Amino acid sequence: MTAFSLINIVLLAILVATAVTITRLRALYEAAMLAALFSLVTACLFVLLDALDVAFTEAAVGVGISTVLILGVLALTRSREAVTQRRRRLPGVAAVLLVGGTLGYASLDLPAFGAADSPVHSHPLTEVYLHQSQEAVGIPNTVTSVLASYRGLDTLGELVVVFTAGLAVVSLLGPLRRRRPTRPERPRPIADFDLADYRVIRVVSGGLLPFVLLFALYVLFHGEYGPGGGFQAGVIFASGFVLYGLVFGLDRAQRVVPHAALWSLVTLGLLVYIGLGMATMLLGGSFLDYDVLAPGNPATGQHLGILVVETAIGITVASVMTTIFFSFAGRGVSR
Amino acid sequence: MIASHYVYWTFFALMLIGLYVVISHGNLLKKLIGLTLFQVGVFLFYIGLGKRDGGSAPIISDGVEVYSHPLPQVLILTAIVVGVATLAVGLALAVRIFEAYGTVEEDEVVERDRADLATGHDGHQAAGRDSGGS
Amino acid sequence: MSVIEVLSGVLLAAGALALVSGGVGLLRFPDFYTRTHAASVTDPAGAGLILIGLLLRVDAWDTAVRLLIILLFLTLTSPTATHILAHAARRDGVPMWQEGDRRR
Amino acid sequence: MTGQLPVLQVAAPLLCAPLCVLLRSRTVAWLLFLVASLASLTCAALLAVRVDRSGTLRYAMGDWQAPYGIEFVVNGFNTPVLLLVSLSAVVVAVYSRRSVAGELAPRRVPLLYACLCLTLAGLLGLAITGDVFNAFVFLEISSLSTYTLIAMGRRRQALLAAFRYLVIGSVGAVFVLIGIGLAYAVTGTLNMGDLAQRVTGGHDNRSLQAAVVLVFVGLAVKMAVFPLHAWLPAAYAEAPSAVSTFIAATGTKVAIYVFCRFAFTVFGATLVFGAMPVGRIGLLLAALGILLGSAAACFQDDLRYLLAWSSVAQVGYIVAGVSLATTAGVSAAYLHMIMHSVTKAALFATAGLLLLRLGTVRLAALAGVGRRMPWTFAAFVVAGLGLVGVPPTAGFVSKWALVTALVEQGQWLVLAAMLSGSLLAVFYVGRVVEVAWFREPTADAEPAAAPASMVTAIWFLVLLSVSFGFDASLPAHLADAAASALLGNGGG
């Protein structure tokens, strides 16, 4: 047994145990924290499976954004689950048996895990993405080149999905109109816990904030050479704002980035991405064909295109995530 | 078979645990957590497909010959984002449901709708809430 | 095996031991404050020892810089989080364990 | 520029969505949606003409040739869908101006139009893409925006409807994702054409069979095939009227097209209908869906729920046609898809108008409506006859085609289910007519005036349905072309 499989088995065991515990826990705060742990272990497993970009994203999304959102919603709603009624169990068990049977049946003909001669690795795609991309696109991180260039449309679709989520949350939770500039009429209850009253956290988070934002920029522009890219950068950027909002209060955070400006940024990223596609069409190429951006030097064009795309993703993701957080948090304030 | 496929089987087990939570639990938030588990199982499955024995991350560097496949990783990056977007929308809906019904248990919500039907109340939302504003 | 490698191995093992003891403390201690204490003491200590142990093994300077940055942020954030957690618990009136109480 | 038509088809509504949000004006947002849908309709029409003349069109995104990049494929099998979706969007755009103003708070209106643009883009992209994973992405775009649109309904039930659809729909989408993953594991590719080539000969591969099962179960959720239809009634009935008109006309139809695309041109009919019993299961579920949907429609007290349950039954008709896997069957299914889409859009639009004028569409409240607003209700009756399948409406033409196809294959049981479904349709449409025309009006308040734009949209759909009843050569031509493209392996 190699070290690889040993670590693998341990991580898988932790994952299964966590998942089972989550299903059994009725206290939802605990379940949410365990879900975060689950994501963290998953991220470790992704690293083990050579998927650094994915691990990075899972860590940022699963441990960061998702957990913050779930905890926020728990604060707004109820944090204890009712006992699951017996009659609800049957459909679940039936579905699990059916799907489990199908998946087990499917696994009988799956190529062995990690095999070099599986269809995935012997398809000509592998050669093109891993080696020809070095001349055609010319950046070492093949995940970035496939993401932003070969499958650029998928990534545009992904950005549209993020945009839709932003729209959905704002349409459901507001704020659709300008928030009242005055403080709430009734005085804040004593038990209400305001982080800004603590000097330690104010100093530490204030000191960390520039580094968080700097790191986001590093991740954004380093995505061509190492793990990272627009999405991860956007999430980190947003988490910086979320930290600021949590510590210094929503009002101050919204004074730093007003709602209208945030909305313009949300649309800006998407418009830049689609606009880039339109521009390549006007220059005589097809949609998102970056080669035409630098005539005679395709690799430069690809570089430029990918940089623009990553920046556009970063802008929209950061502003959508911040908007979503403000929407949830603002809902709490308004009640 | 066991040595070469146990990883896939574990991923499938994770998916099934998530699926069970989604279907059988009545709490809307728990359902969403279950959906996340279900999705993560699928993500792991995809990444597992791209893994190659002795391979390293698909970032081309000198002296490395064997790489894992980048395509599944790209797909899953997209899928993770789709997953968190769905989660955000679902959570926003859960908050609104709580505000409209005072509960996030599916069975209780259905009960209250039924009571509405019996009393002839139309379920119109109050004008202030309907605008979604604060 | 060089001295550096042995030293690094010792540091790594010590870090791992610290983390395990933290885990045991988390499970065995009777109330919120003592558990927080167990976690907060061992977390930066264990992670710090491991990071230093790794630092002795790196051959590229940029990796070393990254490890140092991680170490720096870890020593900043972890105690802050624990501090605020304990404060919040205190404010919310989470009771302290007294001799003879049942474990919570 | 004509070479760029396939991408403009999707990019136009996609571009309008952020603009709707950015400009924040109700009128501008509405205009943008109208422009987006008109642009899509123009693209779809031009593409249909070009495909009819010169066959399959392919468009490589970013100039990366398939299978290395994503491609768009336009062929006989998706031009009817593109036309259908964009035409519905145009009609809904005309209809929505006043309808939305009556149902939504002003500040949410631009968001609604942005979401409509996104749904339109998602559905068009789903119909045009030639890459399986890209299809998943577009599926999610259309789904996520549809959940948002449904949640904008004016009653609190809309929230639960949207949440349930979100959970069921996401589980369905994840099933599709697993299926795509299994197919990818076996073939190593995501391009539909490339996949189809590599699938041939691997019919006893168990992973591939499981992939077929999972993809189809996932799509069945989106198609609302019995027994996975549970989300549909509340989702259609609680959404704002303009939205339910749009999704009733397009949502399930595009999913059915994707099903056909996967069944015939990706996995191949020999695997799906030969080696696996998908056809038989499809016929069984279709028959059950027809019976159950029609029966449930008879017991509804709310006009919109009644129409939604009838949609469940109508999906059954279409699935029955597809499951026959013969040219006649698939062609009849496409024909019914077009005809039902027009008819049901007209019905939901009328229900929306009634809702706007009366404030409720409970059957009890509709007493005497036919006498008080004869024109609005006449539209309902004509479209209702189309739903039943009375000649000379559009519904008759397509049901006749379905019956012929079923008789050809000797599927008597399904035929019986279909006929009883139609009888039940006579009953539930008749019940509405009875209430509206033969009961004394109860309310004495004068109903609000009917906005001309909404009436125009409704009568356009109704007249379109009647004209298809008299002369179905255009839809029949499209449906035949689609069936021959699908079954003749006309390019994957």
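Side notes on the structure shown:
Here the chain labels run A, B, C and D in written order, and each chain numbers its own residues starting at 1.
The working rule: a residue touches a chain if its C-beta (ideal position, glycine included) is under 8 Å from a C-beta of that chain, and two chains touch if they have at least 3 such contacts.
Keep in mind that what you see is a predicted model, and the values were worked out from it rather than measured.
Central chain assignment: B. Criterion: smallest distance from chain C-alpha mean to the mean of all protein C-alpha atoms. Of all the chains, the one whose CA centre sits at the greatest distance from that of chain C is D.
When the interfaces A-D and A-C are ranked by how many C-beta pairs touch across them, A-D comes first.
Centres computed as Cα averages put chain A at a distance of 31 Å from chain D. Computed centre separation for the pair chain A/chain C is 28 angstrom, with centres defined by C-alpha atoms. Separating the centre of chain A from that of chain B, both taken as means of CA atoms, is a distance of 13 Å. Work out the mean CA point of chain C and of chain D, and you get 57 Å between them. In chain B, the positions touching at least two other chains are 15, 19, 32, 49, 71-72, 75, 78, 82, 85-86, 89, 93-94, 96, 131-133. For chain A, residues that reach two or more other chains under the stated contact definition are 103, 107, 110, 118, 120-121, 125-126, 129, 151, 154, 157-158, 161, 164-165, 168, 170-172, 176-177. Residue positions of chain C with contacts to 2 or more other chains are absent. All chain pairs that touch, listed by label, are A-B, A-C, A-D, B-D. The touching residues of chain B, when paired with chain D in their complex, are 15, 19, 22, 28, 31-32, 35, 38-39, 42, 45-46, 49, 71-72, 75, 78-79, 82, 85-86, 89-90, 93-94, 96-97, 100-101, 106, 109-110, 113, 122-125, 127, 130-133. Residues 105, 107-108, 133, 136-137, 140, 144, 147-148, 151, 154-157, 159-160, 162-163, 166-167, 170-171, 174, 177-178, 181, 184-185, 190, 360 of chain D touch chain B in their complex.
Taken in their complex, chain A has these residues touching chain D: 102-103, 105-111, 118-123, 125-126, 128-129, 149-154, 156-158, 160-161, 163-165, 167-168, 170-172, 176-177, 263-264, 266-267, 270-271, 274, 277-278, 281, 285-291. Residues 8-9, 12, 15-16, 19-20, 22-23, 28, 31-32, 35, 38-39, 42, 45-46, 49-54, 57-58, 61-62, 65-66, 69-70, 73-74, 76-78, 81-82, 84-85, 88-89, 91-93, 95-96, 99-100, 103-104, 107, 110, 112-116, 118, 120-121, 125-126, 129-130, 134, 140-143, 146-147, 151, 154-155, 157-158, 161-162, 164-165, 168-177, 179-180, 225-227, 231, 324, 327-328, 330-331, 333-334 of chain A touch chain B in their complex. In the complex of the two chains, the chain C residues touching chain A come out as 73, 76-77, 80, 83-84, 87-88, 91-92.
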